[in-house]
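The structure follows.
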Amino acid sequence: MTVREVKVGNVVFGGDRTVLIAGPCAVEGLQMLQTVAGAARAGGADMLRGGAFKPRTSPYSFQGLGVEGYRMLDKVRREQGMPVVSEVMAVDQIEPALEYIDMFQIGARNMHNFTLLSAVGRAGVPVLLKRGFMATVEEWLMAAEYVVKEGNEQVVLCERGIRTFEPWTRATLDISSVPLVRGMGGYPVVVDPCHSSGRRDLLEPLSLAAIGAGADGLMLEVHPDPDKALSDGGQSLSVVDFEAIADKVHRLDEWIREHINSDTIER
Amino acid sequence: MTVREVKVGNVVFGGDRTVLIAGPCAVEGLQMLQTVAGAARAGGADMLRGGAFKPRTSPYSFQGLGVEGYRMLDKVRREQGMPVVSEVMAVDQIEPALEYIDMFQIGARNMHNFTLLSAVGRAGVPVLLKRGFMATVEEWLMAAEYVVKEGNEQVVLCERGIRTFEPWTRATLDISSVPLVRGMGGYPVVVDPCHSSGRRDLLEPLSLAAIGAGADGLMLEVHPDPDKALSDGGQSLSVVDFEAIADKVHRLDEWIREHINSDTIER
Amino acid sequence: MTVREVKVGNVVFGGDRTVLIAGPCAVEGLQMLQTVAGAARAGGADMLRGGAFKPRTSPYSFQGLGVEGYRMLDKVRREQGMPVVSEVMAVDQIEPALEYIDMFQIGARNMHNFTLLSAVGRAGVPVLLKRGFMATVEEWLMAAEYVVKEGNEQVVLCERGIRTFEPWTRATLDISSVPLVRGMGGYPVVVDPCHSSGRRDLLEPLSLAAIGAGADGLMLEVHPDPDKALSDGGQSLSVVDFEAIADKVHRLDEWIREHINSDTIER
Amino acid sequence: MTVREVKVGNVVFGGDRTVLIAGPCAVEGLQMLQTVAGAARAGGADMLRGGAFKPRTSPYSFQGLGVEGYRMLDKVRREQGMPVVSEVMAVDQIEPALEYIDMFQIGARNMHNFTLLSAVGRAGVPVLLKRGFMATVEEWLMAAEYVVKEGNEQVVLCERGIRTFEPWTRATLDISSVPLVRGMGGYPVVVDPCHSSGRRDLLEPLSLAAIGAGADGLMLEVHPDPDKALSDGGQSLSVVDFEAIADKVHRLDEWIREHINSDTIER
């Protein structure tokens, strides 16, 4: 099955080049966002990410800056000329997001929120649909179908790991899902090694593995000072480390497309 | 820790008697609902259940009758004089549900839908919070906290099984969660053996096990003709089988309260 | 399906009374074993347990007293007139075990050790086959078949929890497996709440739940001074707590057999 | 941490080239083995695999040719001049295996068989230790320690997938374990995409992903006529498909070692 292309501004998922999405887990302030975005852009990122609304297990954790965060993302995407993806957690966040955001992320915890999926489908904006951390591949494809059914085919899937008994990683990156959903569903797939592993030392090997498996892009958390991040710092990259990984990923991707994929028949 | 009482009409969760919630998985029509409700009432049910809005993995499956289903539940609760619990899947369903429904069920797929949890908290109505089939006990307690934080302490938890590798049951009933959440959170707990097992032949032993573990109630699917149910028929009880189980559950519950619990210290 | 009876000395699994197996996780010395055995006997235990060979994840942990431990069990079973069950981890342990032990336990880590299962089958001694913490119910029944195929039908199964993502319990007690294997395989089933939960505060509710689900017996760890046990102390009962639970379990079991099971048709 | 080298005849795990192990799941006969071995050798395999003793869930399934199978492997390794790896399931199989086999495989079901691990450690032969399908990475490293403790450091680990709730693959390849055990334990790691996925269509992308993640080798099932294999045919490669994957794997491995690893610091 051929993977269908999804365009977000000048970025193409499922095209002839891997897409790198980079940025902080949460938008913490304008200046920090500008620093990360500028460095990520220079380091090879194609798209900016940043959470304005943050789904948190505890109601007492930092919940994000909300619409104010969307506005910061909007300002920075204009400055850098790069599209932005951010999470939409509820139907009433769609309206403001339409003005400020290029691609709507549906988080893992909302993959089964069918009301939200349908509403995002009707909004007609590109969607990045994360896999629920205990959803089967079939359920994930069905969730995408809730968006597509409303006439919106601009869906990119994001593998972020599933929950298992293994305690040394935050989740277990299900690398097999990459060729599975590309082959069975025809959707471009992005891999998120940060949430999958929760460990900085695994980000490079997992990024290269994802490219080997045929992923159409990667989503990486970058923070100007990872150890001071308000959320998920332990799995964020510094700007320098991001540049190093981005460079390797782009070179590997190019080489595989030229020397391996050309003679692949049923991949 | 003492379990706090939650009152829904004349029904008390965490009181001196187990609560039996019975009814069809989905409200399929008024007449069918009246039949089941009457029989369940006669057979020992304290409360009626029935889904008006149904979260379905596929957008092409039967999605429920919506507000029309709420109205049927309203009519039948008046006829039978028994309170009703039904699922609320989205914030805009809260308004109509307030008029027709006594207790709002939050389904397993929405346990992480924090927007909905907060909204239901503000509505001030008793909540039946099902455990996500991918949620740890800690996350489940945290989800309850989203409701409580809005000033609504009328929360009952419902264990409905977690996802494991075991294929002979639909999910794995985590019986340990019953004493855990009662002890750690102080919430009354209801067990749903139907969704846990997906097998009619396990409903009686699992119901009795739940009472043994200290559950404050049971939720059972009853259908006038289980093999013709529009959803989940294979795990539904006929009216006759429900009566048989209800009778045993009530007798076991009474006996345990009188002969076992009286001398339990730290249970 | 009727559960077939398995006799071990004067003890009958699958008969008209629940079987309580009690004793320390590991045999640490003769005096300690005598103390526990005497107290357990007085407190209602039918059978003594105690590990002589201990399978340990790390090769540097305490591995048990070996054949010397078997000899202590032999001495104590004669003093107390109660049969003993102990783990056999390797084929060359079968020979000495035949002299000293009444029932051979196959541990969870050896459920897939087909060489050992066949050898134990040929030995013709009653077997207590624990479920692998990674095994499906079907695989467990197949493992039992390795014993039965050698002409040894004296097999009792023991549910000890399966591995899931839930971190608040050591494993997840799969209570549904009790009616499943009794119904599908016709084997008597014993539940081990200690290894399932790893938490002393859950032992009473899980024991009562097991009886509710129809278990034919319970295996409980008892230690004269749980907090000083060489292995698994946190999940062991003191002698006093064991007595309290044993009493409740026996009373509940009797009551259920008289008042509930008599009119159960398909349980 | 540097990965230590393990030598098996002329083959080096953890050296400067990825190791390809190929052969049938089970040795079914001499002629079939000669055909596969010759073709695999010509197609780029470094080492031959083939099961003589097969651990099977059911005692009624084909259990392998036993020592006769070892003899066939011995004959073919001499003809082809390539070392052979085969499973040893019990202590009494070690003696004959010493004569015929170059590397002892410990299967997933025996990863917790500590008696066997110690015996294989004392035998002083290179060991390929598969991960239990529900073992944590820590338990896997501890199992390796049982071999090393006996003075045998020639241990190579093999990731073959863990058990999860996902039904579209036979197991879930835990790709993160590759950099984890290399970094934490210093062992060379081989990936087995066939048992991980159980799907022929995933073998190429998973093989390339493994190389991207830093694996030191791959183990692939090759059969002259996959659809007629006595075991696991659905996940076996034809000779032609093996050649195609082997070629891509070798080219990718070389390119990564030259262009990516040279400037990796903490990989």
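Note that the chains are named A, B, C and D in the order they appear, and that numbering of residues resets to 1 at the start of each chain.
Everything that follows uses one rule, which is that a residue touches a chain if its C-beta (ideal position, glycine included) is under 8 Å from a C-beta of that chain, and two chains touch if they have at least 3 such contacts.
Keep in mind the model is a prediction, meaning the values are calculated, not measured.
Here A-C and A-D are compared, and the pair linked by more C-beta contacts is A-D.
Chain centres here are Cα means. That of chain A falls 48 Å from that of chain C.
Centres computed as Cα averages put chain A at a distance of 34 Å from chain D. Among all residues of chain B, those that touch two or more other chains are 134, 138, 163-165, 167.
Interchain contacts join each chain to each other chain, per the touch definition above.
Contacts from chain B toward chain D in the complex involve residues 163-165, 167. Within the complex formed with chain B, the residues of chain A that make contact are 55-60, 89-92, 109-110, 112-115, 118, 132-135, 138-139, 142-143, 145-146, 149, 163. Of all residues in chain D, only 134, 136-138, 162, 164-169, 172-180, 183, 196-197, 201-202, 204-206, 208-214, 244, 248, 251-252, 255-256, 259-260, 263-264, 266-267 touch chain A in the complex they form.
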